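Below are structures written as C-alpha cells.
One chain, subunit A, appears in both complexes that follow, with subunit B as partner in the first and subunit C in the second.
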Partner chain A sequence: MDVLPSELKNPLVDLLLSVADDKFILGHRNADWTGLAPMLEEDIAFSSLAQDDLAHAMALYEMVGGLLGKRGDDVAYGRTAAEYRCCTLVELHDEFDWAVAIARQFLCDHYEQLRLARLADSAYTPLRQLAARLLAEERLAIGHADQWVVRLGRGTPESRTRIQSALDRLAPLCGGLFEPTGGVAALESTGVFPKSGGDMFDSWSNAIQNVVENATLRITLARPAPDAAGGRGGKHSEAFAALLDELAEVYRTEPGAAW
Partner chain B sequence: MTVADAQAVLATIDDPEMPIDIVSLGIVVEVRARPAADSPASDIEVDITPTFVGCPALDMLRTQIESRLKSAGAARVRVRFINDPPWSVERISDGGREALRLHGVTVPARGLVRNLPSGLVPLTVSAREPIACPYCGSLSTRMESPFGPTRCRTIHYCDACRNQFEHMKPV
Partner chain C sequence: MGLSKYRASIPEYRGDLPSPAEGDLKPYEVFIQLERGKPHTYAGSVDAADDQMALMFAREHFGRDQACAQLWVVPRSAIIRTDYERDLVFRLTDQDYRFAKGYPVGEKWKKFMSQKEYNDYKQGDIKDHF
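The block that comes next holds the complex of A and B.
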C-alpha cells in the first residue's frame, strides 16, 4: 500500500516513534563515548554507531513528521517525556562503565535487527523501503558488540566480572524492548508490521544466548509479560527526564529556528 | 536544458568526500526535465539514492547540484533523496572503481553483495573476502578497523607494502 488508511495513522506513528526514540536515545548515550572510549578504534566505532543511530532516527522522525504535518526536528525534540516511546534499556546511564555500554549495545542491536527485518517486509511501501535501507546498514555493525562481549568474557578476571555484572544488571530491563506499542494489532493484521509478536522473543533470546555462551558467561532472559507497561506507553526511568532536558536544551531556546 | 544536458553537468560534480563524480558513484537514479512555467529554461528534478542514510554530506550535495545546474541554465532545481532503489557498491561504474583505487580506496568485487546470505551478515564477511592492496596488488592485507573515516568505508592494512588503505563496505 502506498497510501496509509487513516485508522492506521496513530498506530503507525506510535510504532515509528518507538523505533526512532530507541535509536535517538541510544545514539545520544553512545555519543557520550566520543573522545573517552578505552582505545582510539572504539572512539571511532562508538562515534560511528551513534552517527548511524541518530541519522536513522531522523529519517524515521521525518516519516512521522510527514504523517502528522510537522517538521522532523519538532517531532524529535518538541515532545514531553511522556510522549517518548523508547524502552528503559536505552535510557540507562552507563556512567562510563565500558562493560555496561557494550552490554546495552549488544542486547539492543540484536533486537533492532529483528524488528527492522520484519518492517522491511511491511505492506506499507515507504516504510518497507526505508526499513530495508536501515537494515542493510545495521547488518554491518551487528558483529561489533558480539565480539566485545566475547572478548570481555574471555579476557581478564576483571573484564569478566564486569561484563557479567553488566549483563546481570541489564537482563531484567530487556522485556521493555518487546512491549507492544499502541494499536499494534491493527498494524500486524494489515501487514504494516508483519509478525510483530510471533517468535521475536525466541529468535532474539537464542541469538543472545549463543554469544553469551561463546563468551563463557551467563544471562537469564525472562519472556516479557504481555501486560507490561513502560517506555512504549510513555512511562520512563528517572534518568530519562534529565537526559531529555540535556538533549533538548538547545532546541528549547528557540523552537522552530532554522539551523 | 535537456535531461542529457543535466546529466552531463552532474557527471562533473564530485562526491564531497571522495574523488569520484556522483554519476560514476551510482547515486543519481533519475533526472527529469520539463518546461518552466515562467521562463524559456527548464525545471530539473534529480533523484538521488544516498550511499548511507546517515551520510552527513547530503546537504552539501544538494546545494552543489542546485547551484551547478542553475549556473548551467536550469530554471528551478529540485533534489529528492529516495530510498528505492537502495544504493549498493554494485552501482559504482568501472571508471569509478578505477578512480577510487587510484585514491587508495578499494571496492568489493562485482556480485559479492548480491551473493551475501540474506540472514545476519557480520562485519567479518568483508574480512574473509580477499582484498587486493590498491597500491601493490598484494593479497596479504587485513582489516584494521570496521569503522572508517566515513560511514561507507573500513580501514585496512597491507602487510606487503605497509600502506594503509580503505575499502567500501559491502552494502
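The block that comes next holds the complex of A and C.
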C-alpha cells in the first residue's frame, strides 16, 4: 500500500503522534541530564540517546505533516496540550534521580520496540520503511537501558534501593503506554498497524521481567484496563502543560520562522 | 537560549562532591574502522565497568559523528607494551640502508608501468582474482 486510504488518515495520524510525542517528551526529559549524568562517558551516551529519541520524533512528525499538509515543526510545536498523545510515564519529572531516569527509559523503550516492530511490518510502505530504521536504533537504546537496570540492581545497597523504588513508583503508570489511540481497530484490520508478534502486554512484561530478574529486583505489572483514558486521548498530568509551554516557547515567538 | 527550567531544581550537594566510583572503572582503548576492510585506527579511550559498558560508551562517543563500520574496545591492561626508558624500540646505529630512500627506482618503476604486458595484465581477468 503506497497511498493511504483517506478513512485511515486520522487514525494513523493519532497513532503516529502517540509514538512521536512519547519520543519527543522523553527525549526532552533525558536531554535535561546533559552535564549531570553520573559519569562523563554516560553523560555523552545518555545525551546522544536523547538525540536519537528527538530524531525519531522529528521523522514521525514529518510523516504526520505529510499526511496533514503541514510542516513537521508545526506538528511538533503548534498544538495545544490536549492535542498531544504522549502517555503519563514520559511526562514524569525524574527530579534528577538517575534510577528514575533509567527506569523510565527502560519501561518505555521495551514498549517502543514492540510498537515499532509492528509498524515495521505495516502494509503502508512509507511507514514500514521508516519504522524499520527507527527499530534498529531502538535496539541500541534498549541495550543501554537493560545494562543500567542490571548494574544498579546488582550494584551498591544504595543503587539497589533506588532502582527498586523507581520501579515501584513507575510500574503503576505503565498502563498508559498501552492505551489505544483513536480508530486503531481500523489500522489493525487493514494491516497498517498489524497485530503481529502476539499479545503486546505479554511480550512487554516478559521482556521487562527477564531483565528485572537478572538485576535481582522485582516489579509488579498489571494488564491495563481496556477503557482507561489518559494521555493517548489528550488527558495529561499537571506537569505537562508547563513542560509544553517551555518546549514551545521559541516556536510560539515566531511560528513561521525557518531554523 | 536557556536550559530547561527544571534544571533550576537540580539537587545541591553539601560537603564533598560525590566522586565516581573510580575503583570500579577500568580504562579501555577504542579503535574505529571507518569502512569494512580498512584498518581499525586508534580513536581514544573510555572508562567503563566492564566490556559491554565500554562498547556502549565507545559507540556513543566515537561511532556517532561519522560513518563507522566497526568498533573495537580493548582493556588497556590487555595491551602488552614496551617501556619508554628500559626498552629499545628504534636502533641506535646507522642503518640507513633499511629505509626505502636513496634508491633511484622512480624511472625504472615508470618504465615498468608503461609496458604493454603490464597493461594487458591489469586489464585481464586475472586481476579479479586478487
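Heads up, the rule we're going with is that the second predicted complex is superposed on the first by the 256 of 259 C-alpha atoms of A that agree within 3 Å, B and C clash if a C-alpha of one lies under 4 Å from a C-alpha of the other, contacts with A are read in each partner's own complex, and residues count from 1 in each chain.
Everything that follows uses one rule, which is that a contact is a pair of C-beta atoms (placed from the backbone, for glycine too) under 8 Å apart; a residue touches a chain by one contact, two chains touch by 3 or more.
This one's a predicted model, so the numbers in the text were calculated from it and none came from an experiment.
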*Is A:Ala215 touching the first partner subunit B, the second partner subunit C, both, or neither of them?*
neither
_According to the stated criteria, A:Gln113 is in contact with first (subunit B), second (subunit C), both, or neither; which is it?_
first
_Looking at A:Val184, would you say it contacts subunit B, subunit C, both, or neither? Reply first, second, both or neither._
neither
_Between subunit B and subunit C, whom does A:Leu15 touch in the aligned arrangement: first, second, both, or neither?_
neither
*Among the partners subunit B and subunit C, which is in contact with a greater number of residues of subunit A?*
B
*Partner chain in contact with A:Arg139 - subunit B first, subunit C second, else both or neither*: first
*Looking at the overlay, does A:Ile44 come into contact with subunit B only (first), subunit C only (second), both, or neither?*
both
*asked:* Quick one: is A:Val75 in contact with subunit B, with subunit C, with both, or with neither? Answer first, second, both or neither.
replied: neither
*Name the contact category of A:Val90: first (subunit B only), second (subunit C only), both, or neither.*
neither
*Please identify the positions on subunit A that touch both subunit B and subunit C, taking each partner from its own complex.*
41, 44-45, 48-49, 140, 143-144
*For the subunit C and subunit A complex, residues of the former touching the latter*: 3-7, 9-11, 20, 25, 46-49, 52-53, 56-57, 59-61, 64
*Can you check the complex and tell me which residues of subunit A touch subunit C?*
28, 31-32, 36, 38-42, 44-45, 48-49, 93, 95-96, 140, 143-144, 147, 151, 246
*Could you pull out which subunit A residues touch subunit B in their complex?*
41, 44-45, 47-49, 51-52, 54-56, 59, 113, 126, 129-130, 132-134, 136-137, 139-144, 146, 207
_List the residues on subunit B that touch subunit A in their complex, please._
52-56, 83-84, 86, 120-124, 144-148, 151, 169-171
